[in-house]
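Okay, here's the structure, questions in a sec.
We just call them A, B, C and D in the order they show up, numbering each chain from 1.
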Amino acid sequence: MTAAYTPTELMVCRAARELADGEVVFVGIGLPNLACNLALRRHAPELLLIYESGAVGAVPERVPVSIGDPALVTGSLAVCSMQEVFSHYLQGGRIDVGFLQGAQIDRHGNLNTTVIGPYERPAVRLPGSGGACEIAILAKRVVVVARQTRRSFPERVDFVTSPGFLDGGDARQRLGMPGGGPSLVVTDLGCYGFVDGEMTLVSLHPGVTLERVQAEVGWELRVTPELATTEPPDEDELRVLRELDRDRLYLG
Amino acid sequence: MTAAYTPTELMVCRAARELADGEVVFVGIGLPNLACNLALRRHAPELLLIYESGAVGAVPERVPVSIGDPALVTGSLAVCSMQEVFSHYLQGGRIDVGFLQGAQIDRHGNLNTTVIGPYERPAVRLPGSGGACEIAILAKRVVVVARQTRRSFPERVDFVTSPGFLDGGDARQRLGMPGGGPSLVVTDLGCYGFVDGEMTLVSLHPGVTLERVQAEVGWELRVTPELATTEPPDEDELRVLRELDRDRLYLG
Amino acid sequence: MSADKLVSMREAVARLVRDGDTVVIEGFTHLICFAAGHEIIRQGRSDLTLCRLTPDLIYDQMIAAGCARRLVFSWAGNPGAGPLYGLRRAVEQQVPRPLELDEYSHFGMVARFAAGAAGLPFWPLRSFTGSDLPRVNGDIRTVRCPFTGEELAAVPPLRPDVAIVHVQRADRRGDAQVWGLLGVQKEAAFAAARVIVVAEEIVEESVLRADPNRTLLPGLVVDAVVHEPFGCHPSYAQGYYDRDNAFYVGWREISEDRGRLEAYLDEWVHGVPDRAAYAAKLGDRVGELRARPRVAGAVDYGY
Amino acid sequence: MSADKLVSMREAVARLVRDGDTVVIEGFTHLICFAAGHEIIRQGRSDLTLCRLTPDLIYDQMIAAGCARRLVFSWAGNPGAGPLYGLRRAVEQQVPRPLELDEYSHFGMVARFAAGAAGLPFWPLRSFTGSDLPRVNGDIRTVRCPFTGEELAAVPPLRPDVAIVHVQRADRRGDAQVWGLLGVQKEAAFAAARVIVVAEEIVEESVLRADPNRTLLPGLVVDAVVHEPFGCHPSYAQGYYDRDNAFYVGWREISEDRGRLEAYLDEWVHGVPDRAAYAAKLGDRVGELRARPRVAGAVDYGY
């Protein structure tokens, strides 16, 4: 018998399982941070968390509300300048997994966090790249966590802030991008991998129909022949996760 | 009545007078180090000493025997990586005066600390550049302290390790070198400035004849019309200097 | 340069921050000097080019107050609490005035500061490939490696007229020490023509000389030193006070409404003469945010 | 990678340093790991490409012992005490074997390590203009700025097979802290394929976590950790022991004479099994060099 859980809890637990022990992960704030700390406390005690703020090997005693929370510094293994974080760790090829979120993600895993509408006259001005552009280019693989709607999953994003597989195929290799690009997209409906640089549905969350997923994608969705059901979170994952975010700041 | 002093003591005292209070000086080991500490203790209390080893604002309690002496660190204002010393301080244009020595210095102030003879089959292999090449290019002005012999003052050095005025004239400006080049050469015989990038005798040390100086220069030496006699060190300069190098490690 | 550079925030801003300047108030979440931003607003500076990786609430306030003409940045949001509406009104509706955007990624901004600090005309990096950012920003270019022939991205140096850096402790010369997150403050200060150091504590030079590896900036690069305890609130100072997360979360409601944002500026910026009055007005909150000690061990510099 | 990387110097060198490797033992005057150099000599490694800004006595000994095929450097002298004769015999007389020189300036070497650490194929710098060094070293090239059009010098990355970094303290994972002169050790370690950390003291991870700003290297980049007290003599470790200047001055006479240098190696390198025996053999000198305490004040990481 499995426990009751929210779609957000499922997303975080599924993302956490993507992290192998001993890997080095570039942590973003919010759900990615919860996923990383969940993995650290359960199956990946040797997971090394690196925050773009410069905290290396952080073991936050509280859920960091910002990526530069003081709790990320106190008791961490090392603090380095942002120049070092980006040059030595990310550009130096030491980051196994980068976590990204996005207002829009398209058929080829390109992410937009810059503008909705034209750049010069935006309908909505979004925050911009932050470190996402270089994480997308340099991390060995990228995991994307995003809520899925037809508007947020267009065939092509309005603005490519962070490149995924561009137009698909081997576009990344042709441009000599060091990182491998997106390997997994976890939404509140299902999980996606990439085949020839195209987003491909690999599993449906329990109770979600293929029709519902297709209704929330802006293109003719590719589906893997061996479509699975996403393994739901178990009791222990949920217990640890809920301890991590007692005030449900991010779990809602 | 002036005190008795050695030629070396005169060289160091003359070099020290070249440093103005509040200036930032890139300190080399040996006589330059004595000159800088002499200036610091007498007329230039706000002189900032920066050692290429990364010690900033050092106040050594003993004469540093090496440029990385622990006495340069203890009680210093800041310690930074060598990357910072060369990038932020020297290349960043923050060094007013650089001190250089050399096995050879030529008519146009070019310095050689690499080889005597051809590079591939050297008669004598010298230490090489160290930081001298970039100090010569980037420091706002350069002071050279050197013992003078006909062999060490050739018309052209065997190898240009650290550029002075190259072939003279405005060669430095044409090559876009940020620093001003050599402004003073102090030897055991006299002092030299540069006119149109050519070494020019400006003062003779007390008791030294022009003939003697000319005998120790490998080219037709240019002499300033208002040739002066170098001001000898006074009692107080000598007292402080001799305190600095009690064991006469460098004063001999 | 005089050995004693200690002045009030009012004097430092009056003397060193001019209309039309390119201004940097750095600090990545940590040590963001709100006190300086508020004083710049009080003195009515205008046409500033504001530079920061993350504009944060302080630039949202300065933009809403009409101080800025241009913003150079890489991520413009309210960390963990939605958009910066003051900034969005300027961009989307030109309110209170138009705001030009000069946009990079974090690495791009870090590289610009690094080039400025190092006196280089460009900085090479592996980013921007396949992104639309170079399409909308002509200053993101490429450079060819003279060894491998490969193309890398290149950005120009950022050389601010003024950099304002908040630190935990400094002496009167401006020698300054920081611990905890370091951000890009060192690079920003070395890149700037003028530097204001704002410190939680002013200490004797001997305190700094006892631990030279902690020094972030030498007085050499500093023009003015300001003693401003609690000068970062709602940002934080490691070892002194915590980040006021409630304020950041609450800012959303304030900035969403132009009137409320202006009322906030009237009450908390124009309505107080200086940071001491601001802290007094905050009352008990100051004590609630005070840090619980977590003292590090000492090391030995003997020889 | 295993969490416990603590091994003996013998095992670390046997496992991680191979014939033909490009090896860096860095440390600018401070923290030069003579213990590692001696073990490499004892194990008879050959055809090494040795890299250091300042070869110092340790490379003079390794070159005289016949370990090296090539030297990448920027200043080859005995600091404050004349030339390195072992090195000169190899260059001038090919004794005991020829030595290729790959020569830069200090800034050039620093830039090569920086490029290696940052994963860049070149590093731009303002040096070498008008110098003969580019004439004799084809890897000192130029790159044109895509913004100003000016030409700058460029050097390629230095990516050692092995970097050996001596530190004051480390934990068993290789997380390492250093204070005092930092040299280029961080860049050298991040640039290297394999890293050996040698520490004066092995401490609990909690000691390092109490002061994260002191950390030079994370265990992430470290392959082996060696506990080797007094491992730098005649170099020094701030807070532990002073530099043995008498040894440096005395080295001139030893290295000047090939026979005496070989006798030194027989007695002090081959003649002892490890560093502990070397220190025991030095006897009272060890105590004479012990540092007199100069303890720095602590800081607070609370929030």
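For this structure, a couple of remarks:
By definition in this document, a contact is a pair of C-beta atoms (placed from the backbone, for glycine too) under 8 Å apart; a residue touches a chain by one contact, two chains touch by 3 or more.
Not measured: the values here are computed from a predicted model.
Contact with chain A and chain C alike is made by D. Least step count on the touch graph, chain B to chain D: 1.
Between the CA-based centres of chain B and chain C the separation comes to 40 Å, rounded to the whole angstrom. Remark: chain A and chain B have CA centroids separated by 57 Å (rounded to whole angstrom).
One simple way to say how far apart two chains are is to compare their mean CA positions; for chain C and chain D this gives 38 Å. Residues of chain C in contact with two or more other chains: 119-120, 125-126, 150, 179-180, 182, 186, 210, 213, 236, 238, 242-243, 294, 301-303.
Counting partner chains per residue, chain A has residues 55, 70, 73-75, 79-80, 87, 91, 178 touching two or more of them.
Pairs of chains meeting the touch criterion: A-C, A-D, B-C, B-D, C-D. Chain C contributes residues 28-30, 53-54, 73-77, 79-80, 83, 87-88, 91-92, 103-108, 110-111, 113-114, 125-133, 136, 150, 179-184, 186-187, 236, 238, 242-243, 245, 248, 294 to its touches with chain A in the complex. Every residue of chain A that touches chain D in the complex is listed here, in rising order: 22, 24, 46, 48, 55-57, 59, 70-71, 73-80, 87-88, 91-94, 178.
Of all residues in chain B, those touching chain D in their complex are 29-30, 52-55, 65-70, 73-75, 79-83, 86, 90-91, 114, 119, 122, 124-125, 127-134, 137-138, 159-163, 166, 171-172, 175-178. Those residues of chain D whose C-beta lies close enough to touch chain A in the complex are 1, 3, 117-120, 175, 186, 190, 205, 208-210, 212-213, 215, 218-221, 301-303.
The touching residues of chain C, when paired with chain D in their complex, are 119-122, 124-126, 139, 141-148, 150, 152, 154, 156, 168, 179-180, 182, 207, 210-211, 213-214, 236, 238-243, 291-303.
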